[in-house]
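Each of the next two complexes has subunit A plus one other chain: subunit B in the first, subunit C in the second.
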Partner chain A sequence: MGLLTNLRDSISRVTDGLFAADEPKRIGIYGPPNAGKTTLANRIARDWTGDAVGPESHIPHETRRARRKEGVEIERNGRKVTIDIVDTPGVTTKVDYKEFLDHDMEKDDAVRRSREATEGVAEAMHWLREDVDGVIYVLDSTTDPFTQVNTMLIGIIESQDLPALILANKTDLEGSDVQQIANAFPQHETIPLSALEGDNMDEVYTKIAEYFG
Partner chain B sequence: MPHQCTSCGRTFPDGSKEMLSGCPDCGGNKFQFKPAGATDETASAGNDAGSGGDEGGPVAGNEPDRSPSTSDDRPTPDDGAADPNSSEPADATPSEAAAADASGRVDPSSASEASESVDPPSPSDGTEQIADRSDEDTAQASARSEVVSSDELDRASREVDPADTAEPPAEGEPQPGIDALRDELNEQFESIRIVSPGQYELNLMELYDRQEYIISLQEDGRYVIEMPDAWGIEDE
Partner chain C sequence: MAGPKANVDAADDPDDPDDSGDGVRIDMISGARMEGLTTMEKIRLILDGVRDGNIVILEEGLSPDEESRLIEVTMTEISPDDFTGIEIETYPKAEAGDQSFLDKLMGRESTQKLTVIGPANRIETLHKDENLISTLVSRK
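Take a look at the complex of A and B:
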């Protein structure tokens, strides 16, 4: 039995190695709504491919379907890392159309948006289960990171043994508190950035190459 | 029977997990939810209505919407649908189907013919919910053997017609109907709770844990789920 197990292990190591070399890792960009996931996805995609991933908006739940940008090649220190970026809808435990009404939206549109957002969260959670090889977890550094959603998602990511990079976004805003995020998830490295302004993207790319390469 | 497959007309007991991976009979993934109260009402009305010509009652309300889907969507008849006893409900108006099915369930002869692979309806929600997952896997396995048509998926992702949406509570007292329907849904969907149209509460752990996932929510109690990993099963 021991022999078989060893054999299986070594075979799976070989196949893992093959896949690692051939297939780009699929990296899910997760986080609560309005953390700047799409802004980050667009920033990465524009920096390395020239294309955008999807529209950004200050209205929560702009991204209601996971969007993918495949084959993004990132070069760091002479090394090339190819990843597929999956921009996911913001994960939340409550979706209420009323929050969209403040954004000059008709009720019907708000209700539809709400339903689509809910479907999007279901999809994002499903992807997390089996379709991503690593996670970039984006948090708005001006808001309290100690939320049920963050704790649960980080917990799931850890239980899956997925490599995870925590980004403290929106450092360009007043009230940004990177340390608070670092304190909330001390078991992970926290990288500050402003995806909107492009601040500290160099470090982000270095870490992406290091974590997902 | 609160859940009914819109393709073959098969109904499922409240809280059943059988249809979570699609209808075990026809593989359809579009279901109609009928609150228990409405079904009873419909069942009694349906017997009197005959061809469904009654004006006003729930029968007339259901018919225009349901008949296209029951006739168009029904896939090639399988063992269940080929049986005269069970095909009759599928052809009949929804109310008749509900009525026939409601009585058929207690009639041992038709029940056994109609459902070879059907688990007996559980006595209560509680036991169904905690039933072990191996049952569910068998149902999933059988459901996965059929793939939903792209046409069906397309239709599911479309906006619900206003007529559709208004359908279940079209007559009689609309508010209790839709409220009861939501309550029923809430009890069953541990993963997504519909508080009211446009207001949802999500159980992230449950969404994450489930193999299948919801790809379309519709306010009238219909929902579309994705077949999990259909390609993992040998084609038949």
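Take a look at the complex of A and C:
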């Protein structure tokens, strides 16, 4: 019995060493285009490292490459949680360059942007299947959450048993409806915030530490 | 389980004239037809139909992993003035949450959910809730 116990303890120590708790976890920031993912990534990065992750814009598909900010140390209740933030392009099932023409863009630029956007979405899906340890799912709380992209992505995240935190962003805007998001995904906790204004970030950091620490 | 008869033979034949005229062709693909296919075969079957302008209805839908790969392959095929992507609709209820741990462990994913897929420029969702998907399909 003692031998078995010792053997189990030895295996446990080895596996603990292999999957060390202080190994930074890669947390993907996912969601549809224009939900405020980069604004949130920048908010988190600026609050804890002083740097930004990438440019923000009201034009959809501003983020067309997954960007990783490594070693973001978040301190909560006396303990530190180190994560790598992966800001991903907004996921969609369609991209039409003509939509960019409405944003005063020339056709060549719009076509290039749409091509980069499609590559970015494919990249984001690959990261989700292979390379993230947890997900922060960002939704614009002024829009209907019952979309197919949200349904599919939450399904994909759940099927991989990834810890997921749902954030109802843009609470500073008129028409924000956090409850609608909570109703759409009752199996997950929904945290309201305004990444732009920095509202309720304390709770967001507490939850990040709780979910991904 | 017996499903609706699949109308996919014509989709396999590139010489088949488009006899739909101004109409809209709908391919209803049974679960049995999809069962023996690999992920990429399923995705090709769907995207080939959709790129021809058809509406594809899957009796039993796709698994989350297959949906993820469908999005990825769709993105690689989008091209300006030709193909702008897909519109896809299933009922919003997530099946994954209802599975038992044993089912997940054994890879028995419950994916039985009616799924409608069409070209993004021809299909528009009018209403969607847990029990109803209402879509508007435009002619070519």
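We adopt the following convention: the second predicted complex is superposed on the first by the 194 of 213 C-alpha atoms of A that agree within 3 Å, B and C clash if a C-alpha of one lies under 4 Å from a C-alpha of the other, contacts with A are read in each partner's own complex, and residues count from 1 in each chain.
The rule is simple: a contact is a pair of C-beta atoms (placed from the backbone, for glycine too) under 8 Å apart; a residue touches a chain by one contact, two chains touch by 3 or more.
Quantities reported herein were computed from a predicted structural model and do not represent experimental measurements.
Because the two structures share subunit A, they can be overlaid on it, and in that overlay subunit B clashes with subunit C.
In the overlay built on the shared chain, the residue A:97 is in contact with subunit B and with subunit C.
Once the two complexes are laid over each other on the shared chain, residue contacts for A:114 go to subunit B and to subunit C alike. In the superposition on chain A, contact of A:184 is made with subunit C only, not with subunit B. Once the two complexes are overlaid on the shared chain, A:57 sits clear of subunit B and of subunit C alike.
In the superposed model, A:151 lies in contact with subunit C only, and not with subunit B. When the two complexes are superposed on chain A, the residues of subunit A that touch both subunit B and subunit C are 91-97, 111, 114-115, 118-119, 121-122, 125-126, 128-129, 152, 156. On the subunit B side of its complex with subunit A, the touching residues are 159, 191-192, 197-205, 207-210, 213-217, 219. Here subunit A touches subunit B in the complex through residues 91-98, 107, 110-112, 114-115, 118-119, 121-123, 125-126, 128-129, 149, 152-153, 156, going by the rule given at the top.
Across the complex, subunit C is touched by residues 91-97, 111, 114-115, 118-119, 121-122, 125-126, 128-129, 146, 148, 151-152, 154-156, 158-161, 184, 187 of subunit A.
Listing the residues of subunit C that touch subunit A in their complex gives 63-65, 67-69, 71-72, 74-76, 78, 80, 84-90, 92, 94-97, 104, 109, 120-121, 125, 128-129.
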